[in-house]
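Heads up, the next two complexes both have chain A, just with different partners, chain B and then chain C.
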Partner chain A sequence: MTVLSFSLTPDATGRMYELLVCLAKFGDSVSLEARSEKASPLTITALNLSRTAYASFALDAKTFFISYDFQATSSLKNGDRFTCQLLNKALQSVFKSRANEGRSRESTVERCDVSIQDQPDKTECRLIVKMLCKHGLTKTYRLTYESVEVMHALFDKSAATQGWRISARVLREYVEFFGPKTEQLDLLAQDGKAIFTSFTEKIQDGKEVLKHPLETAITIHVEDFEEFHMQENMHIVVSVKDFKAIVAHAETMRGSISAQFSFPNRPLQFSYQNSGIYCEFTLMTDDVRGATSTANAKFVSTRSSSRQPSVVPVHSFNRTYSEMPPPARPPMNQSFGSQRQSHSLGSQNRQNSMAESDPDPESLFVSGGEDDSRWDPPALDNDDGEDMLGWDSNYENPGASFHPQLEDREPVAPAEPSLQQTGTQATEGLEPTQRLSQLHGMFD
Partner chain B sequence: MRFRASITNIHTFTKFTASLATLGHIAWVRLDEKDVRFTVIPENGSQVWSVLAKDAVFDTYTIQSAAPGNTINLEVPLAPLQRALKSAQNGTAANIRLTKKDNIPLLSLTITTSTMNNPVPHGTQNDTGVEEFREESVDFFGSRQDRETVVTQDVPIRVLAPASVQGIHEPVCREPDVHIVLPNLMQLKSISDRFTRLASSSKSKSGFGAGSSGPKLELSGNMHGCLRLSLSTDAMRIKSLWTGLENPELDPDHVSQGEDGLANHPSTRMKAMGDETGETDEGWATVRVEGKDWGRVLSVGRLGGRVIACFCHDHALILYVFLNGEGPGEGESVLTYYISSYSA
Partner chain C sequence: MANSQPLFTAVSSSARQLILLLRCISFAKKVQVRISLDGLHFTTDQGSVMEAFVVLEKALFTSYTYNHPAPPSSQDDPLPQPVFEVSLSSLLETLSIFSLYDPATIKRPSGDPSFDAFGAHRLHRHAGFDPFSARSLGMTGTCTFTYDGDGSPLRIHMAESGVTTSCDLTTYEAASTDPIPFRRDALALKTIMRSTYLLDAIVELASLTPTELTINAFPQSRRQHGTSALSISASGALGSVSVSFSAPSSPSNGAATTADPPILETFQCHNSTRARFSFSALQAAQRAMGAATKVSLRIDEAGVLSLQFLVEIEPVSNAGGALSIGNEKVAFVDFRVVSLVDDEYAEEEDSGGSSTADD
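Then we have the complex of A and B:
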């Protein structure tokens, strides 16, 4: 049987509510993952229905918890992890009143104890939250949970060479300008400025035109960012709703929010941290405006120019990359970065020569001629490819458990199915063998 | 077709738009060289016809149109316009222009802000983990003094052909029986809304009501400075009376047939009846208005203008809302509300 129990400080209890409110914008349920790891032993995540947005809050052992105790048993199929899923609403209501009290006046909660009841002799699993209040009052909540595998999104930070960082408060003020009914947000860098445009794709005619929501564009000097580096005239599109939820929560955490991304149709990650909470949001991006130019890309950047040359090759690698089906990549992150880098340099050199003629026999790229799928309308909800399963390479013991992952991986064009099945590189890990869509019934 | 102007009085324009937006979703906007006219004609409820002198709100106003009289007719959704104007509240400058994007005509607002210049120290409510950030943020804001952030808000609109607006005419009404300056609209609105609520709650309890439309308020005025608001239902009868209000003198130049017309004007006859206490039953001109609609009309109070109510007994109520700082004359800004009376 698994033992998991931890205690939260009054402040952490309030923070817990805030992060649950934020997670509620992504999905109805939240997933809890406890590990015996020292640094950040507890992670709370949510994944949206269309699997295009993933939010994760990793809680720091030292600052967030008064105490933390986790003992896994061998009976757990997951190894030394405990994972479960709860209804966000239920959990939120437990923490709700605490948050209000904590903000307005002296918090009445002195400690919050959470434990799980996972004994074989009890019929139902329960998550027990005890609020120890002043004057000896204790409130106990028993919540049902579902013991399921937790799905994480993998984000390849080494590929995301572009990004920016800005004070969450500044961003929050601007976010207010976005109309409530707009759906998408376009990020663009142009003439030393960053342009955030909220828009809606729906085109209506006649009288309906007037029901079209307000389109808002906010132009911010890159100097107003703490850091900024983005390819000029490249459009990255995310959901306004997700963006607003993230910025709203980031503002409560007081600090700066970072965005990291590579190119349209690749994942983007927002991150920030404070008070022992590490927040990461991985969003699928889109390119609906279609205007992303590739020829002689310039960057709008606050980074020193001396760093530029080292960045450009990476970019042109990615350009090549987006034009062609990707190589079958080994999913190990550590070896991955360096490997990609070398690809990038190599591919840039041969880029001109390989135009129509034979590809380099050494190259892992398949010259597919014109990749027609580039012209397809973007399909965010398409289950094809984007939700490939992969192994969590960060996990020390990959053989012991099974982690479904949403991976940062270019959809593999169906024309090259062989790529997907290319032999396992035994030294580097196992290839994903199944699609998520084929996994229904195992956890659902 | 060209239209471009800078907005000098963003607060007035925002409040003006907000007042119109309570009556309907879409306004017919007519721009010409002299003024800007906003007209809202909802399917049911009161209409508003308003004229904004271009100087009241705009500056560097340019208009160019092929239509006769250099006019441009637009259909503008009020909620997005209101929202767009709202984001200009803290701006340092705002411009509006007519443009087109992806073949959709737009009114595009360009707002320059420098809202970050005076950061309010943040984090007084909560003290854990804030210190570090506060220090950082002061440095950070200090460095961004001179840069401006530009916000553009695109309001989708429809351009109307001159022919399509030809048939829309401002209502014509007979000479009013009573004209009176209304008391503070905030006060009038809160009392009216209270009456409306009382009426609808008593109705829902008794379980029967007068058709689908809401409760009716009875509004009366006399030529001796009295205004009366009353409500009668099966269960109750309540009444509020204002006295000592002003009945503005009519300008003979504005009355047909001049002095003679004035002598025969209905209000002159009404003046002979009633008194200043408002206790008699004589000399009142009365209209019945729908409570909720009346509440929406009164939201114009936010503009803080002088409001003259003209009563046509049993027929209609016309409110003239003169915006502050405008004397009578060519360039005045006025909103005219046409509220028709329900039969008793």
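Then we have the complex of A and C:
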């Protein structure tokens, strides 16, 4: 039974390869999610091992595909969705030869048919990619896939009031200057300029210097941005590697890249779209260098209004999980890659909003309360728009359990990432379920 | 045999032609060389599963002298032709000593201090030249092969613009291996295609790092509508790949536009054929696939695969630089691969196999 089948033009086949290359920078495997909805029925995503970065490519039914057919049947576990995961390497090798057509121009692809055979009662469940080339040459790939539930990062766009947009080509030129060994990227707005600093912190083990400090700063005038709105002297730190991968791919799409964010230690989203591909990258940010006081926050902005709009109006994202109401903030000590305590950040945010005396809806929700129900298995309430890198399902990636930061903080039960996320009681171990006195009967 | 008259002497004005052909079979450490009146026969093999041979024909050399020793009396059988083995990498290195620009050149030994100085000199002298011109590729040089019978080294003398290199390659006693028998009169499959298609297919298959590969062929009579004529498939841990070709002048293949030339220029197959081969053997032939223009793929009824590559040899450039197309020579590189023994391999399997091949 064919669950899903779609056809691609040669151009889309090449785009597919480009996005796979981009996804490969985030993780070894990619996840596919097919839905029956009209707008963007197929999403290809990747999540990195430490779960601090999430990349998603939503493909538009009309512009990206020649044809798209999804049979939502009752046999699917998720009802109207089909999800699977497969190795990026395998998919890349399927699409790779299309990228360098120079080698054998004769065997140019004319059409690419992809179908997924999903037969619960049979063993042959395969993702079948059929490359139809000229002269009757056909290349058929049958790839094994893993039927897993896909996780999506949730990003609350309404809370992310700050952001900028710039031509991807311009940004790509600047990115070239970042040192190849630098690890982190600091975004800062100061004096009408945006400062991108890539840096590596010095790590020393006794006398041996494990990592040499290195900094490359690039200053871009705010006027070079198509749009810019960011709080002055606020440091937002992301990974250079992720940033480079995103910018490199954005450049191939020939458009403008947007960033949306709220505050350090909160997720940041890069997005751009073209030729029927909606690209979104949600990255966890850090404020390693963020020792700056934010007491009287000023904004470096190209927006005409002096007041900060509560919702970013310029981006029109017709994505599904973007129009969600901001929920209560989850406990901050669950944040990824963050060693900050919840109360400090919460108070900082309160401070920001109060100092600005802006009717920012976000301030209503900065409770810092330990609302454990937020961490229930999120598949149940998919529309749960946390302001963190939250996940909409129990994602049992075995590799993710090796995330050192999670292990450092919560040494108990490292093999169950969902447990780590869902409950603070994970650190407390299991409650006794039986009184010792009740055990006597067994040995009497 | 007097010293003044060696057993064998050959002079080539283009070492590059010889390198091109010898690289096609450079998957083994040693190469067996047989000298005959027609030319130099080079044979390499991999276990006894696969063998490859190329003949450097007499016509490739500007002068070719082989003094076949006469038998003691006319009644005796003629003496066997001289056969020996040399290290293939050393031979290729020697021949490519002047062609600095070739990226495919095998790594040179770093222990030779004179080499770098010499290379720098060459680079300097050719600065500003097109690196792919015949001149800078060392085609203006000549190379001379000399062999003086059992136990003596194969002496290669390279000369270019007054710079000469002499190299004595130690010869080894040839291991006597019988060639893999291939029955030309009992063919199960014969097809001719451009070798880039075959290379492309092997590269696709290689992405799964398979251990073996299967060739399926279906005759016209037993083919269903839209079914391909020939398919090459392999499977690995991540899945399986199958590259299939439709037959020439087949009205029933929907994907091919009739105006385009078919991929399979010739396709002869009377019974459905299915054979499995070691993938590494086919990978060893990759270099030949890249160098050749056409390949004739044949499988005999015993399941031996013969790949015959037609390699066009660029003509030696003359002083004037004018090349006539009619000047082009062709050479053949042959590969023979024994099929893997398949317990299920039987004629009855063929009908079952046809259903797997149309995808």
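Note that in this section the second predicted complex is superposed on the first by the 281 of 444 C-alpha atoms of A that agree within 3 Å, B and C clash if a C-alpha of one lies under 4 Å from a C-alpha of the other, contacts with A are read in each partner's own complex, and residues count from 1 in each chain.
Keep in mind that, in the parts below, a residue touches a chain if its C-beta (ideal position, glycine included) is under 8 Å from a C-beta of that chain, and two chains touch if they have at least 3 such contacts.
Note that the structure is a prediction, hence the values are computed from the model and not measured.
Colleague: If we overlay the two complexes on their shared chain A, which of chain B and chain C does A:Lys139 touch? Say first, second, both or neither.
Modeller: So A:Lys139 only meets chain C here.
Colleague: Look at A:Thr219 in the shared chain and tell me whether it touches chain B only, chain C only, both, or neither; answer first, second, both or neither.
Modeller: In the superposed model, A:Thr219 contacts chain B only, not chain C.
Colleague: In the superposed arrangement, does A:Leu87 touch chain B (first), chain C (second), both or neither?
Modeller: second
Colleague: Between chain B and chain C, whom does A:Asp191 touch in the aligned arrangement: first, second, both, or neither?
Modeller: Neither chain B nor chain C is touched by A:Asp191.
Colleague: Output check: A:Lys130 vs chain B and chain C. Expected answer is one of first, second, both, neither. What do you get?
Modeller: A:Lys130 contacts chain C only, not chain B.
Colleague: From the superposed pair, tell me which chain A residues show up as contacts to chain B and also as contacts to chain C.
Modeller: 103
Colleague: Name, in rising order, each residue of chain C that touches chain A in their complex.
Modeller: Touch list, chain C to chain A: 194, 196-197, 199-201, 203-204, 207-208, 228, 235, 237-246, 253, 255-257, 260-263, 359.
Colleague: Would you pull the chain B residues touching chain A in the complex into a rising list?
Modeller: Those residues of chain B that touch chain A are 25-26, 75-77, 80, 83-84, 87, 101-102, 104, 106, 115-116, 119, 122-123, 125-126, 128-130, 133, 137, 140, 143-144, 147-158.
Colleague: Which part of chain A faces chain B closely enough to touch in the complex?
Modeller: Contact set of chain A toward chain B: 11, 103, 167, 169-170, 173-174, 176-177, 179, 203, 207, 209-221, 223-224, 226, 254-255, 274-275.
Colleague: Which residues, counting only chain A, touch chain C once they are in their complex?
Modeller: These residues of chain A touch chain C: 86-87, 89-90, 93-94, 96-97, 103-104, 106-107, 110, 126-128, 130, 132, 134-144.
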